[in-house]
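One structure is given here, and the rest of the page talks about it.
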Amino acid sequence: MEIIAIILLILLVGSFLTYFVDSFNKKWTGTTAFLIVLITAGIFFTKIKSGYQFNFQLAGLDLQWGLTDYSYYFVYIILGLSVLALLYSIKYMEGKARLGYFYGSFILTVLGMLGVVISQDFVSLFFFWEIMTWASFLLVIYNAYYKIKTKGIKYMIFSAVGAYAMFTAIVFIHVHYDTLLISEAIAKGAFNFEQYIYIPIFLLLGFGIKAAVMPFHVWAPPAYAKSPMSFTTIFSGAMSKMGVFGIGLVFTSFYLSSNPENFFWVRTILGWMGGITAVMGTIYALIQTDAKKLLAYSSVAQLGYIIVGLSTGTQLGVMAALYLAVIHAVFKGALFMVAGAVEKQAGTTDMTQISGLIRKMPYTFVVALVSIIALAGVPPLGGFVGKWLLYEALITESNNYILVVVVFFSSTAAFMYSYRFLFGLFLGQEEKETEHVKEAPATMIIPMIILAIIATVAGAYPGLIFEPAAKAMQAIGFQDVTWQMSSLTNVWGDTTDLFLIAMLIFAVFIISFVFLTLKGLKKTRYVGTKDISTSGELPKEWENLTFQLDFFKPFERAAAPLYKMDMNKIWKDLGKNLEAFFGFFRKIYTGNGQTYALYIVIFLVVLLLFRDVLFS
Amino acid sequence: MIREKETTLYIGPQHPGITGNMMIKLKVAGDTVVKAETHVGYLHRAFEKLIENRNWLQSFTLLCRFCVPEPDPMELTFARAVEELEGRKVPERAKYIRTIVSELARIQSFLLWYGGQSGSSGLYTVGQWSVGDRNYILDLFEDLTGARIYHMYMWPGGVRRDLPKGWIDKAYRTMDYLEGRLETYNQLLFDNAIFQKRAQGVGIIPKDKAIEWGVVGAPLRGTGIKHDVRIDEPYEAYDKIDFVVPTFEGGDVWARAMVRREEIKQSIHIVRQALDHLPGGSYYNRIPNPMKWTVPAGEAWVKTESVRGEVGFYVASDGSNKPRRVHLKGAAYTHGVSVLEKILPGENIADVSFILNSLGVCPPEIER
Amino acid sequence: MEGIFIKILGAFLTAILAFVVGMLYGGLRRKVIARAQNRVGPPIHQNFLDLMKLQAKRTNIAHGFMGHMAPVWIIIAAMTVLMFIPILHGNLWFENLTMKGDLIFLLYMMVFGSLGMALGAGQSGNPNSAMGVSRGLAQLVGFEIPFFLALIALMIQFNTTSIAVLMDHQEATGRWIIVDNPFAFIAALLASLGMFRYAPFDIVGAPAELASGPRSEFGGKYLGTMMTGGAVFAFIKLVMYVDLFLGGAGNNNLEGLAGTALGLVELLVKTFLLYMIPVFIGLVTPRFRTEQAIQFFWKWPTFFGILAIVWALYKNGTIG
Amino acid sequence: MSKLKKENKVLDKLKSVFNLSGEVKRKQRIAVKSDSKHVSSILLFLKNQQGFIHLNHISCVDWIEENEFELVYIVWNPKTKLTVLVHTRIARENPVMENIDTIWDQANTYEREFREMFGIEFPGLVAPKEFILEDWDDIPPMRKDFNSQAYALENFATRPGREDAQDVREVIQKRSGEELPDFAKKYSRD
Amino acid sequence: MSEIKSIGIPTPEEIKQAQIDFAPRCTSAGRVNDKETQGMVEHILNFARKHSLFVVAYGTGCGAIEIPATMTSRYDAERFGIRGAATPRQADVMLITGYLSTKTLKRVIRVYEQMQDPKYVIAFGSCAINGGMYFDSYNTINALDRYLPVDVYISGCMPRPESVIKGFVKLQELIKNGNAGNGEAYRSDLDWYRKNQQKVIKNWDFPDNYNW
């Protein structure tokens, strides 16, 4: 039996195994799931090398599974993050209900994601895509089991639309190019806008919805915030990258195989969609009061950067996108873990309710600090590299000067929510309400710290990520990808030496820290946060001294026009109008699930039967 | 115990933005004030209690300390109240001198207000200039009374001493100088687009509620209602002097600033007129031995106009050598407590000190 | 080996120069303001005395680890940026690491200090601090936009992102960039008003509103160290503007010490004249409210920034 | 008398509606005395019917000999520029007075002060207990029977040399042993 | 009906007791550096301290009206390195501008304790010295140095800007000689000060530990 099939089988069996373990002993569910994925990862990384391929036939269809450098790059994200997230889950999920359901779906999601990246034909791609979507849907509604309609419905609808779009595109590809293999489709120019424009558009729609591109981002924040934090790590860190995976595949192949000057608008539209996603995600992130929602909107914004990077189609731009995909998985994974740890320990992540956890959860704070600096893109941590690549790509290669300002605006405004996140949870007054809070258990801290270390090392040695990324780029058609271990160079030859910067910062840090600490050491007192100068008055016990409500109100007022463009409202209006329009067809909807299933089957059968007539 | 959601912000007592020693406790959401509470009592010296233990003339040392930025209207009002109780006549020359002194006091208080209003908006230069130039007025006071701030100059029956030699010329010169300087201040402060942006539409007192809320003085005239004690109940020489009481529509900080901008010019105008028409004769209708001086029983309610608004004294005498009750009503008593608590909610924190200065809140006047 | 020695010594020289000049400029600012306000004013070395006094405070208070670290971030940012900015053109002693970092790195590194200090201020738990930070970050988003636009204009006009290359270019052509792209200079200058945080953009530590904002809880050695960082930063900003727009300093033909001295004099004259612009504007303007400040930056400075890009493209031959 | 026509008109109107005594004291000053129960209706009448919409002042006098507090409400008419002083007296033991902050909001401030300084209760007054004083545990300080000096002597440290009612010149003379100069003697107190 | 009673001329015993009570609490134990003992470094630091006096922005009484005049153009205290500081953490000098009501005293103590060593107190006006005209007021304290260590008293009611500057110059002299800054003495004599303070402030709800 093929090794890849064994791996997928392990995951599939493991998914059910976990479910059964849960009904015997709840204690071991998490550990089992962790071990299964760990073993899978171990087998995968030792046995499977890039270039692996496996062809077989099923029901008359030629199927092909395999790994290029490009997909291998995403496997790192998926398996690496999954292992850490599951280690984190063990304690995080402890004591919660329906653990078998949770872990089973979790492993199934991993299976789906892994399947998506190893599929080299459209049929298995669609198949695994659906497994991933449905399994993750089960997890989104995990916390709102009885309120599926209100909580999970957006994700559901958008996923369904995306799946239909992708399916349509696949059918079209089959009709026009008579192939189901991705590599063949690329070779025949199926993703090219020049021939059948709707094929790449449908595909981009399908992937774009997963990557939460504006205007399809509305599902993402509630879904990210509602699902359990240990899963959101994967959801935002890895699964959204599946959309990026697809867009990258489609877009770069188009870009490299045709004359891009003719399709300036394609680049521009995609780039601006990414840019506006980044801005919208950022400005909505900074008005959130719930830390989870803040991170969710921030994820949307970060995916916007990645889309912008892909849209340039240039070497630096795609490199930026791939780099950001990894570094975003790293720091956002860590941040969602931090939010989960706070939620677990303090009971809530509402930033208007808690404050001053820094002394209670010091390790968590350090992780949060490192990840936030990475997120904000400030040197010397890993986030800066991504920002640098993106700007330089836009300025020097893509010449998209207004878009770079939009991206810059979004990333400067990101300082605001970065601070808000740290301040809201960890800084500010230490109140009596949070006195009982303790540091999270070790199995939750360790994965966070690992991610934080990766984010730090990537700042001085981004080459560690550039290496696989460059290979991946070569796999999708870029020639002569250049990179250096610890410095950045643009096409004009201007360099930024990251290792030197990191060393300099470290040296100054040590010198000034030692100076400041040793000077007057005995006469320096460390006091609590109640000991502040409140104009000579003594605050009453019930008075709140932490600034929690409407943190960035002045900015909101200044940027009021931006806040008027609420995508949610537009979709809602659209929904209402459609509802009125389709009121006529109301009778078709029986409200019975089986009827709907029947409709779908009929639709598919008709599509398959009359494909030649319809699409010739 | 349920912790409040809004942030509590203490403006004062130890705060650069507060006018004097008081505290405004703000509940803030974002940077918008949700609720404001005035807390006073930090300057309570029990003046009214102490005056009951002093004789009529000794009270003057305490009286002028009622309000620090502008002590003279206090003396004047109390002197007038005592004169009304006793039926003592004031010589014509003393009336003019009192007018001059009280207008000079207004001018120096206006200059201090320039400093406060511009300082709270972040423009320190005007404050430095105007507070520096205020010293010229204080020099005039020093020549006249021997003290810079607290004068105890206007007594029942007139003023304590006559104008010194050469004082009138000096006063003219000072007025000329100040008039020139005012142009500069106004250019820098009121013609400044940023100041206009800051001041307009901030701290609005509604016109239809203003009188009912107890708003007096420049804030009232800033809503377009013309009311000034100097015209409504003319005292001293104001009925013989020709001057204009400016009003401005809007009721916001800007309107109040515009009213004061005109008023200081009018004050200079009044001083000039009073100096021009200064009659000769006696300046003091001498009272008997102050240690044994008694004032007939009765009550008096006397008002004068100060910079912050009207100053009223309710004085009750039981016929002894000590006042039975002296009760001050300063403009800040309503402005600083009930009016402020009404207009602050909804404003930006950046404007709290700004509004406070434009209302001329003076805490010692509130708690006495 | 000798090269490294010169590098290290040069780094120290640069740091000392930046510190002394920054502090003296602070003193000069106070003096100038005092003269404009009809006062004598403090001596120009007053800031040194203040610093010494703050460092000589016998007791200090910190509100925990981040509070303790707050000045460290500022020093890190100040020193790092300083090392990457060319002080004198082509001078061995002041070369430092100028070729190793580009404008985007400098742009990000310059906010590092304020962000770090914001964290320290946040830990103190003083509501004034948090409000000051909220205002400061909002203002940052305001003025960074026109500044970034101006930088992009320079980058695309001269096809480089390195500040050292821009200086070389100015020396080679003998023309300052202020002539080549005046709109970029205007946009950057207007943005610099926000960077210096003098009136009308001193909303972060507005005394009448927030006591002293983020610095409310810092005293003694902490405040002193922050002051040092602030002084160095003032110098950095000025030198950066001089390098970018005013041709830098040190482009003389003299050799050795004389050349360095002449270059330094040139640098001081240029930076001082530039410094007086925000100082004089600060003298005669009241303070904006936060949203007004942001809107200001998004109006005219941004317009000039876009104009600068269009101008750069025109000069570049891309359009027109 | 014709000069005070406006004043008399208001007084007559008041007398015709309420049972009160009053007089026109001088130009623009009308003083009326009333029962404490009717004060709020008089004030309402003055505010709503007569145009006295501005509450100038409320004062309180402690007439300890008569064992009464006198409250004086001073209202002002911005149109006719007249002032009415409404006097009323209440007992000194357990003093209670009607709350009028429903008529004028700013009366609230005065009533808070009187509650603190005189111990007068205003039923229905919603305001923090403390206004000016803090942690006061003695009798309300503005009452005549409260001895401020005794309280100060008891609670606050007094610096020696601060003897009261001394003639400075005499003290100097006593300390230095010098003779007072003649001009100084002339101004001596006796 | 209360009459002002004469306090009377104190007996020798009373004067002796008063001398003990009002003896300068800040004995040499509190002084880190007397002129004789201060080394070269401390001498230089004192020079800096002397020329850089940050005044906490707290107008506690009516003497505060002359502070603007002192700081502005005619008198210009900034010449001496005197400038305002917004919060006590940054400040060196505290001005008690006149009488202190008991309510303010509580805040003043809190602000004073939040200032960092070395810290100085300058008291304005006769009312801070011995109560001045408010000697019989039930709400103002009469002798400030019972409650806080005072470095310099400025007499007068109210002191003119010239006297204020004179007071500052006197303080500078004291700093130069190492005789100013009583924060450490306050700490060592805390019990005595606390006893006096708590006698006036009825509801003592401060945090227990002294906040230096």
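Every chain is named by a letter (A, B, C, D and E) in the order it is written, and numbering of its residues begins at 1.
The criterion applied here is as follows: a residue touches a chain if its C-beta (ideal position, glycine included) is under 8 Å from a C-beta of that chain, and two chains touch if they have at least 3 such contacts.
Here the structure is a predicted model, which is why all the values come from computation and not from measurement.
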Quiz prompt | Set of chains adjacent to subunit D and to subunit E | solution = B
Quiz item: Which chain's centre, taken as the mean of its Cα atoms, is farthest from the centre of subunit C?
Solution: D
Quiz prompt | Identity of the most central chain, Cα criterion | solution = C
Self-check item: Chain whose Cα centroid lies at the greatest distance from that of subunit B
Solution: A
Practice problem: Using the touch rule from the top, point out the two chains with the most contacting C-beta pairs. | Solution: A-C
Practice problem: Indicate the whole-number Å distance between the mean C-alpha point of subunit A and the mean C-alpha point of subunit E. | Solution: 61
Self-check item: For subunit C paired with subunit E, centre-to-centre distance based on mean C-alpha positions, whole Å
Solution: 40
Quiz item: At what distance in angstrom does the C-alpha mean of subunit D lie from that of subunit A?
Solution: 72
Exercise. Would you please write down the residue numbers of subunit B that are in contact with two or more other chains?
Key: 7-8, 13-16, 28, 31, 41, 44, 46, 49-50, 53, 128-129, 132
Exercise. Hunt down the residues of subunit A that sit against at least two other chains at once, touch-wise.
Key: 523, 525, 527, 530-531, 533-537, 545-547, 551, 553-554
Quiz prompt | Per-residue multi-chain contacts in subunit E, two or more chains | solution = 2, 4, 57-58, 72-73, 84, 86-89, 103, 107, 111, 117, 136-140, 212
Quiz item: For this entry, which pairs of chains touch?
Solution: A-B, A-C, A-E, B-C, B-D, B-E, C-E, D-E
Exercise. Would you pull the subunit E residues touching subunit C in the complex into a rising list?
Key: 32, 44-45, 47-49, 51-52, 54, 57, 72-73, 76, 78-79, 81, 83-87, 89-92, 116-118, 183-184, 212
Quiz item: Of all residues in subunit C, which touch subunit E in the complex?
Solution: 30, 34, 37-42, 46, 49-50, 52-54, 56-61, 205, 207, 211-212, 215-220, 223
Quiz item: Where on subunit B does subunit C make contact in their complex?
Solution: 7-9, 15-17, 28, 31, 118-125, 128-129, 132, 188-189, 192, 194-195, 197-198, 348-354
Exercise. Mind listing the subunit C positions that touch subunit B in their complex?
Key: 33, 36-39, 127-128, 131, 134-135, 199-200, 202-203, 206-211, 283-290, 292
Practice problem: Spell out the part of subunit E that touches subunit A in their complex, as residue ranges. | Solution: 58, 87-89, 107-108, 110-111, 114, 117, 205-207, 211-212
